[in-house]
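Okay, got some structures for you below.
Next come two complexes, and both contain chain A; in the first it sits with chain B, in the second with chain C.
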Partner chain A sequence: MRTAAGAIGRPLKNVGIYLLRGVSLLLASTIIAFFLSSIAPQDDPIHAYIQANPGVSAENVARMEEYWGLNQPPVARYVTWLKNILSGDMGYSTSNRRPVAEVIGVRFRASIALMMAAWIFSGILGFGVGCIMGRFAGRLIDRVLKRVCLVMCSIPTFWIGIVFLVFFSVTLGWFPFGLSMPIGANPDEVSIWQRLHHLVLPALTVSFLSFANLALVTREKLADVMESGYILFAKARGEKWILRRHALRNILIPAVTMQFGSFSELFGGSVIAENIFSYPGLGSALTASGKTDLPLFLGITLFSVLFVFCGNMIANILYSFIDPRVKRGD
Partner chain B sequence: MEKKTVLNVSNLSVTFRMYSKGMRKGGLKVISNLSASVREGEILAVAGSSGSGKSLLAHAVLGILPRNAIVTGEIEYMGEALTSARLTKLRGREIALVPQSVEYLDPLMKVGKQVSDDKYAVKRAFERYKLDESVMKLFPFQLSGGMMRRVLCATAVVTGAKLIIADEPTPGMSEELAARAMKHFRDLADAGAAVMLITHDIDLALRYCDRVAVFYAGTTVETALASDFGNIDNLRHPYTKALWRAMPQNDFAPTPGTQPYAGNLPDGCLFAPRCDRVTEECTRAAPESRTLRNGEVSCIYAD
Partner chain C sequence: MKMKVLPAEKRPNRRAMIGIVCVLIFLILITLYIVGASMNELLFEPDFSQKLLPPTMKHPFGTDFLGRDMFARTIKGLSLSMFIGATASGAAAVIALIVGIVAALGKTWLDHFLNWVIDLTMGIPHTVLLILIAIATGRGITGLIIGISLTHWTGIARIIRGEVLQIRSRRYITASRKLGKSRLWVAVRHILPHMIPQFFIGLVLQFPHAIMHESGLTFLGYGMPPETPAIGIILSESMRYLSAGMWWLAFFPGAALAIVVLLIDKLGESLKLALDPASAQE
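Right after this comes the complex of A and B.
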């Protein structure tokens, strides 16, 4: 029998492990990002500035380097940055001329709307289509949908984004060309409908990335379940609502894994979609920061890692609710 | 008093439509001219090696064959044809299956709920099999082999079915557990149910069943009384005799050759290629089933 202390101790231990993993992951990813950017050409703002303004004296360059701390070795710079992060200071975004935390906060609000819309849409559509395919596995509707999904899987996000833009915005004129609100509008006066209107195409673009995958995985699992002994036995017992009673929970695990594990693709997809649709989210901020704005770049890296990590962690936690076998997996 | 026949299967054939190229038109015939009947209060053991069509018979009766299966012949329940409409009403109520293994339980549902939604009925069924009430709240993966077997039996008992079809209920069990499982089926039969017990283990089945239907390559070769197995001379069909000789406590003598595969069946009597009494006559037509000394046999030379 499990003791009371064990019952409390295990979740606590799990939280501890998650935290440890999360922190080490964040540390490792920032180290990699920091040193990759330090060896990349055009790495610092000084050089970018000098290229734009020839005729700056070496003395001034040195002074600027000292001001920004760029004369220190990369390790020392990283340690300084890490110390600041730990004290809550994410640095100052040189391209936005605002603190990194503030930029990320504003941009993330736009991005999270986009990503969540895409995530929910791909989740419902993918799971639904997957269920239809799995239920009718081997029949015409399954074969047709399966081909559609395989084609979808092979289409890159940037391409489908451009197609959407050309077709729905340019040809049909149903949706705006980009941005998150009408050009020149006062952000306080923009209605939720206008925002949603601007959100539709980017969200569809991002969701196209993962819905087909989810559908195919769900199909496979449901087709397996339909062939399983327990579905056969349920039929032999004359049970009603067999799919809802026995299949649903059994096909949730791969779907949940896919959907929460897709946070990384979601983020990657939103970077591309935001650039196509000039949507002012984290993704477009990231691309803008790429060349010179190291604090923002690192801040977004940190944030995206955290985002993906949270997705995976939620999936892990949900497992134990869906599948009792996972809970005992120690 | 004559006991009522609960299930009567006669001349059953099952053919699978095949989609792959090169298959003969008409598909793959896996069961042909199969007959078996179970009366109330008795256990009919259905014996035969793997691939002899035992499980398919169970699935055919319960209407759970794959969609590409074509079934011909008669299946009667309580003297009336078991149509699919009737089957829909009866299965899970009057006709119950005891499946083979844990694979037949939903891995993510508590076993109590799987046995029945009616908690009190589950409790009663569990009491009968000496399963603790706490077992109701366990998931299939938490059960031991013996508990699992009893839970599977409970799924049938809880329905109060008149006809119980048990598909290989004992493999993988210790001798003691297997004997106990058989005892449970005996009790059910003694309480009036008709039990069709599909099994490999003819030796064990003989101790508990009333009659034995011997299957070979998808057809019934003989239906014998369990007591007939006490003496080889009481058995009717050459295959049954060969089976008897192969039993460890008898001669432990194998019969050369193997059971033919569906799709590659010989003409006439299916056992002819391995039979020591074979004549040309045997290969001409499949032998009709006939009554012989309180049993049935499909062999023209049986006496």
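Right after this comes the complex of A and C.
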């Protein structure tokens, strides 16, 4: 995609084409999400009702099917659903007894705090560690850190979350055991520090994987740059601050792009972390709603697709604005 | 960079070393799989007189709330994970190979379409798509395998596609076309053989991801049924006992999983070094 973007040249036109492509992708994901969830064997509301209340007459079943629109063909149902979504009506969450959009709004505020904390943390630390590794490529510190990063990549997120929970919260007692605020506290009276205190472990868990990935990529890029002719030339001229002046800008672009392109893993990680730490965000709502509350589940699915799409779009725009080669259209 | 360069005949043969590492890891994994798959279920039967014991010589990983031996359950779970991981990444690699052949046909619109499908698959977070497919298939092993293969083919497909695009512009391909061979013939006879190493490398490299997603999804309650001895089930069951300080219930099974993932990852990296012509001669 990067080469295609380069051929087209000017960033603005890029953005336009990217948006068109994005709309088609979003539409396709609504189709996938809707039809996958509608072939689910256990989630038909009528059947759930009949199982709970045996002895319903066939006539009443037909009436219920008409009320819920289940007598219509799937395509017609999809069109109705899409129209409603586009007009802002995402449906009604049966488990929360509130409109889906409202539930998502509340949950997203908790999740975005978690994801942003993890994102910034893994971004800064991953980039820093990657720079250290790349700067001293081949030396002892590089080999040790690289080994550590590779091991980190192989550790399942849900396990490391549990280990954090056991070690920092049960054994050491430094951090609370799950949730986003003290149990029984009034949400309006909870201070920002209390919230942050509850945020630390889940955020560490989410950032665990992406940190190692970013560090490894940054290391490769920096090691390449340090081998290049212009660094050698700068060294030969006896320049100081070579890393900052000549290398950093070059490796910052792929790192930033990669961080924005990692929203998908970020969301996936937060689903797992929120379940481990009973954190009341989108991820825990997603797994809870998948079994019984399809409107909410579909809403969160679409929301996550939109979230990932925004990340990718920012990555692409940044790429075409920052990188002079893409801007020129090389 | 500052390694001492030995004369060629004294240097250990790097390719041979890598080969030995590959065989060793493969043997370890295969043994683990056979032990787990052929394990007698009686070894982790509930025994209520042995509930929630800390690790001892008799029960190296301790016992759970039903008195089941966690070590045996972990080994069984690992073999299950390996089976699902292998099947799913195999299926993913086959999908990727088909995509590669289609890309090799050289039709631009097909290529654009494939790219679009790859973007679509990567645009939905894997965890979300996996849960969706698990719901649609009614959860269980089949759903896991379908879900994981449908989410993991993109990584391999990108590698294979890149390879195909390079090969497609070679002269002998043009020559073959000019000699009157059809696109399909060229794709199968001239391009497909080049994708075989990438196919195996991609398969093994996706394997650890497949295992991690399998156990993660099972942990979230959308994977294997609760009575199976899977690592995800073991860890989600252990959650209730963590606050009571029974860390071993989660620690050892998860660590064992991480070690298996590491071994497979190492196997993939070594295979890549040994099979990839670009790095094999370094």
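The definition used in the following text is that the second predicted complex is superposed on the first by the 298 of 330 C-alpha atoms of A that agree within 3 Å, B and C clash if a C-alpha of one lies under 4 Å from a C-alpha of the other, contacts with A are read in each partner's own complex, and residues count from 1 in each chain.
To be clear about the criterion, a contact is a pair of C-beta atoms (placed from the backbone, for glycine too) under 8 Å apart; a residue touches a chain by one contact, two chains touch by 3 or more.
Being a predicted model, the structure only gives us computed values, none of them experimental.
In the superposition on chain A, contact is made by A:Phe177 with chain C only, not with chain B. In the overlay built on the shared chain, the residue A:Gly69 is in contact with neither chain B nor chain C. Of the two partner chains placed by superposition, A:Gly105 touches none, neither chain B nor chain C.
Taking chain A as the reference, the larger set of touched residues comes from C, when chain B and chain C are compared.
By the document's definition of touching, of the two partners only chain B reaches A:Glu239; chain C does not. Contact with neither chain B nor chain C is seen for A:Gly16 once the two complexes are overlaid on the shared chain.
Of the two partner chains, chain C is the only one that A:Phe158 touches; chain B does not reach it.
Every residue of chain A that touches chain C in the complex is listed here, in rising order: 1, 21, 24-25, 28-29, 32-33, 36-37, 39-43, 137-138, 150-151, 153-159, 162-163, 165-166, 170-171, 177, 264-265, 267-268, 271-272, 275-276, 286-287, 290-291, 297, 300-301, 304-305, 308-309, 312. Those residues of chain A that touch chain B in the complex are listed here as 228-230, 232-239, 245-246, 249-250, 322-325.
Listing the residues of chain B that touch chain A in their complex gives 59, 62-64, 88-93, 96-97, 99-101, 103-109, 139, 141, 155, 159.
Those residues of chain C that touch chain A in the shared complex are 1-2, 115-116, 119-120, 122-128, 131-136, 138, 208, 212, 215-216, 219-222, 232, 235, 238-239, 242-243, 245, 247, 250-251, 254-255, 257-258, 261-262, 265.
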